[in-house]
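Each of the two complexes below includes chain A, the first together with chain B, the second together with chain C.
For the complex of A and B:
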């Protein structure tokens, strides 16, 4: 009770501080020297209030204070403490508070870390960031306050959706938000720099750290979401092209393109328009994602409470930001005339431009696939859903040249380049094609496509390995990330190609025999846990080589709310995952049994880790260079 | 700003306004998709493959307007379908109604085995390998049945058919 009051008023104070900050910054913009320390302390104070508010919400959850509506809707006394705390950001209101927390944290760190930047630039960045922050404060206070009362006090809460009770999902939203919200700093900073006409090499070096930070977090966030889907949703896949997943992929694609553009800007002071537009796009896409997910305009496995009023607020806010940035871009940005004359066709910058166009293509495919159903529904009230085949058909053909570009591009020089070591490049290409031919030979399915795909991925793989040895420490970060990407594509391809699946209905005691696997459903056990009842199926699986493995897939029947979830039993080894999941069939006696052998699953996760690790190396190196 | 630039800006703004309007409209109707065919709606039109022959048939040719039809969505892997099957076998003896099947996400081999084992009550069977046709009908899953008269869905039964439902159907078609 008391925490709800404190939390609520801290939010209002934080909003007031935001307004004060904007007012003073604008008023004293010309003699800005005065403001330097003041804005820092005010920003700190604002951050402090958001922290108080956030802590209050956590405490309300920990103490199971059901007079708080958010706690009532999303918690329950029997829930383990860990998930009580995690429940704080597992819901709409709390997750917005988390957004706000990260927004204020980032601007504070930004101000502290940018001591050497011009004061006017810092203040203007702060103003733009505060506009976003004020927007979110008002959004929370007006439409989705986490501190609403319920009277009379309920004695018990409604409980957290069981599929959200998973360790990966506890850290997934905060990490993803660090990525999303990190892009807000890039957005504010690019608007400030454009207004002050200081898009230059120095600015590029300064903002690149922030691009890297949000990129690393966004990559990790997507990875965690994907891991969660694999373990928890029990469908045996790791990427479903579900709208909510796409929404996190969209800013990632824009951000990745931005990361490469910044490199060019830093070295050659060209592509400034690209940098500005991509910076704006990254943040607006993150916001757009929040809008699409939170407004309930989309439908997906991730169900969130929806309320049209909230959707309307974010929609108007989002478009105001877009218009603001468009106006700034068109009125303040004057690109140099000779931009395009200075490109030589075979150079690093050309290859990065090509990379950008690929990224933009992938981005448009994802955007169209995600948003088109909404347009169609509104314009012709037809309901469709866009599934994986759409994305696969449109993305895979372009992946092949993209991989080849990734292999060759980084080895080119700036400004003007020749292809060096032509023999080297050609031999590796031949080796890759031969190898992939040998691998795919035994499969008659999509022979040509698979061969080309695998050989282009292998090519990138070999080239990056070669670069590790030849170039040693030069450009390690890029090499690690590109190597990770080739590994990712290879793992996904092999995973698709070599996965096997058995689906059958079994009763207790029955046995299923196929060519090389024998599945015995031995018995079932029940266990009562704190907030659910578990049914374990005892399976023993005999493989072709005679080894026998015990597997224990689980069905959980949660009491609050009453939902059945299936927990797959997954045996992970270095080279492959064995995946067994059971589901209830309407007729009680039978269980639907799905057994999959999925090679290289672990490598998919590892390679994404490698990709983001590359970013981390680059970040560390930059920090060292500054010292 | 130059003319060209101005035009560019205006067209971008127009695009965004268009997107805004669409999103705004999209917010108005809640988008909880329930695959519910409203009773008395026209049956969906589609063309589909038949199970026993490879010919493609237009959905509108399947139904004559003055007759009663029961369209039953089933699958060989669906356990409740096995339960309701004898009921369908009985119903098909009734001259006032024709029973049609829609085979859902199945393989032809398994489906035929199923019918060989339990008998075939269906006059014609639409083969819906990917479950797309069933969505057009507004089905949640298997089994599900639609009573059709005059090219309209008169009743919809979710889950396996039982004697009570059959009684109701027989009353309706008399």
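For the complex of A and C:
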């Protein structure tokens, strides 16, 4: 009760501070020397209020204060403490508060960390960031306040959706948001730099760190979400082209393109317009992503119409941000005239541009697949869905040249280059093709596509390995990330090719026999936990090689809300995962059993870790160079 | 007449344009092929021609209609005006229950039989797929 009040008023105070900050900065912009410390303390104060408000919400959750509407809707007294806390950001209102928290955190760290930058630039960045922050404050206070009061006080809450009661989903949103919202700093900074006409090499070096931070967190956030979907949803895969996944992939693609583009800007001072556009796009896409997921537009266009206030606010805010940034882009940005002539067809910058085109193509495919059903529904109320084949068909053919470019591009020189070590490159290509031919030859399905795909991925794999030994420390970060990417594609391909699956319905005591696997459903036992009842199925599985393995998949029947979830039993080894999940069929003696052997699953996760690790190395190296 | 640079740039623009057109064409074609339309049992009942493509059907699982054996499950999807029999082999989601909303993806055998390749039920007890909501009308 008391916490709701404190939380609510801290939010309002934070909003006021935002307005004061903008007013001060604009008014004293010309004699900005005086402002430096004042701005820092005000920003800190604003951050402090957001923290208070956030802590208040967490406390309301911990104390199960059901007079708070958000707590009532998303918590329950029997829920474990860990998930009471995590439930804070597992809902629309709380997650927006988390957004705000990260927004204010980033601008604070930005101000502290960029002492050497010109004051005007810092102030202008602050103003743009405050515009976003003020927008979010008003959005939260006006349409989705986490501190709404219900009277009479309910005695019990409605509970958190059980599939969200999971350790991975506790850290997934904060990490993902650090990535999403991290791009806000890039957005504000790029607008400030454009206005002050200081898009130059120095700025590129400075902003690259922020791009890297945001990119690392976004990559890790997507990875966590993917791992969670793998073991919790029981679909037995790692990516489903679900709209909710797609919206996190969209800013990632834009950000990755930006990461490469900034290199060119840093080295050659070209492509400045492109960097600006990508920065704006990344943040806009991040914002779209959060809103699409959080406002329910994706699941249903009708939720959107049911709460027109929220949806309308989002749209207006988003469009005014885009409008503002476009105005700044067109009026303040004057690129140098001779930009285009300075490209030679075989050079590092050309290959980065080509990489960017591919990225933009992948991005458009994902956007079309995600947004088209929404538009069609609004325009003609025809209901459609776009499935994985759409994405596969459009992305896979372009992945092959993309991989080859990725292998050759980084070894080219800036400005004008020759293909060095032609024999080396050619031998490796031949080896890759032969190897992949050997791997694929036993499969008649999609023979050609698989051979080409695997050989291009292998090619990248070999070339990055070769670079590790030959170039030594020259560009480890890039090498690690590119190596990770080749490993990712290879693992995905092998995973697709060699996965096997058995789906059957079994009663307790029954046995399923196929030509190389025997599944015995021995018995079930039950256990009462704090807020759910667990049913364990005892399975023993005999594989083709004669080994017998015990597996214990679990069903959880939660008390509030009354939902059944499946916890898959996954036996992970270096080379493959064994995945067993059971589902309950209502009023039937049969259990729906799914057993999968999925090779290289672990490598998919590891390679994504490697990709982000590459980013981390680059970040550390940059920090050391500065010292 | 024109310099080498102008010619090169012209060639460059032409190549870019052609690629763009090709890509747009490819995207549209693949969108057309891979879009899955949603239909209600009533729409199937009244349609003049049966879809040969993959479709989705949504509605309620009829009470007492689920029957299961070791390799397949049968049930009836109803929108309270018309109904359709579904045969399915595969993973059954936990929230698949009688008198709850469901979406089945697959192929029509005839007006009364649907062979499903995938069953979708959302992981939230209050959630009703929008397709189902509209298929059920005001119910």
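Keep this in mind: the second predicted complex is superposed on the first by the 616 of 627 C-alpha atoms of A that agree within 3 Å, B and C clash if a C-alpha of one lies under 4 Å from a C-alpha of the other, contacts with A are read in each partner's own complex, and residues count from 1 in each chain.
Definition applied: a contact is a pair of C-beta atoms (placed from the backbone, for glycine too) under 8 Å apart; a residue touches a chain by one contact, two chains touch by 3 or more.
Keep in mind it's a predicted model, so treat the numbers as computed, not measured.
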Three-chain arrangement built on chain A, chain B and chain C clash or fit: clash
Touched partner set for A:319, first chain B, second chain C, both or neither: first
More chain A residues in contact [chain B versus chain C]: C
Touching partner for A:330 - first (chain B), second (chain C), both, neither: first
Touched partner set for A:372, first chain B, second chain C, both or neither: second
Touching partner for A:566 - first (chain B), second (chain C), both, neither: second
Partner chain in contact with A:383 - chain B first, chain C second, else both or neither: both
Partner chain(s) touched by A:505 [first = chain B, second = chain C, both, neither]: both
Touched partner set for A:594, first chain B, second chain C, both or neither: second
Touched partner set for A:393, first chain B, second chain C, both or neither: second
Offending stretch of chain C which, after superposing on A, collides with chain B (from 2-10, 92-100 or 110-118): 110-118
Touching both chain B and chain C, residues of chain A: 299, 377, 383, 503, 505, 585-587, 590
Residue numbers on chain A that touch chain B, as the complex places them: 291, 295-299, 306, 308, 311-312, 315, 319, 322-323, 326, 330-331, 374-375, 377-379, 383, 503, 505, 585-587, 590
In the complex with chain A, residue positions of chain C that touch it: 5, 9, 23, 26-27, 30-31, 33-38, 56, 66, 68-73, 89-98, 122-125, 127, 129-131, 133-134
Residue numbers on chain A that touch chain C, as the complex places them: 161, 163, 233-235, 299-302, 340-341, 361, 364-365, 368-369, 372, 377, 381-387, 389-390, 393-394, 503-506, 510, 512, 555, 561-566, 581, 583-588, 590, 592, 594
Residues of chain B defined as touching chain A within the complex: 1, 5, 9, 12-13, 16, 20, 22-28, 30-33, 77, 79-80, 83, 159
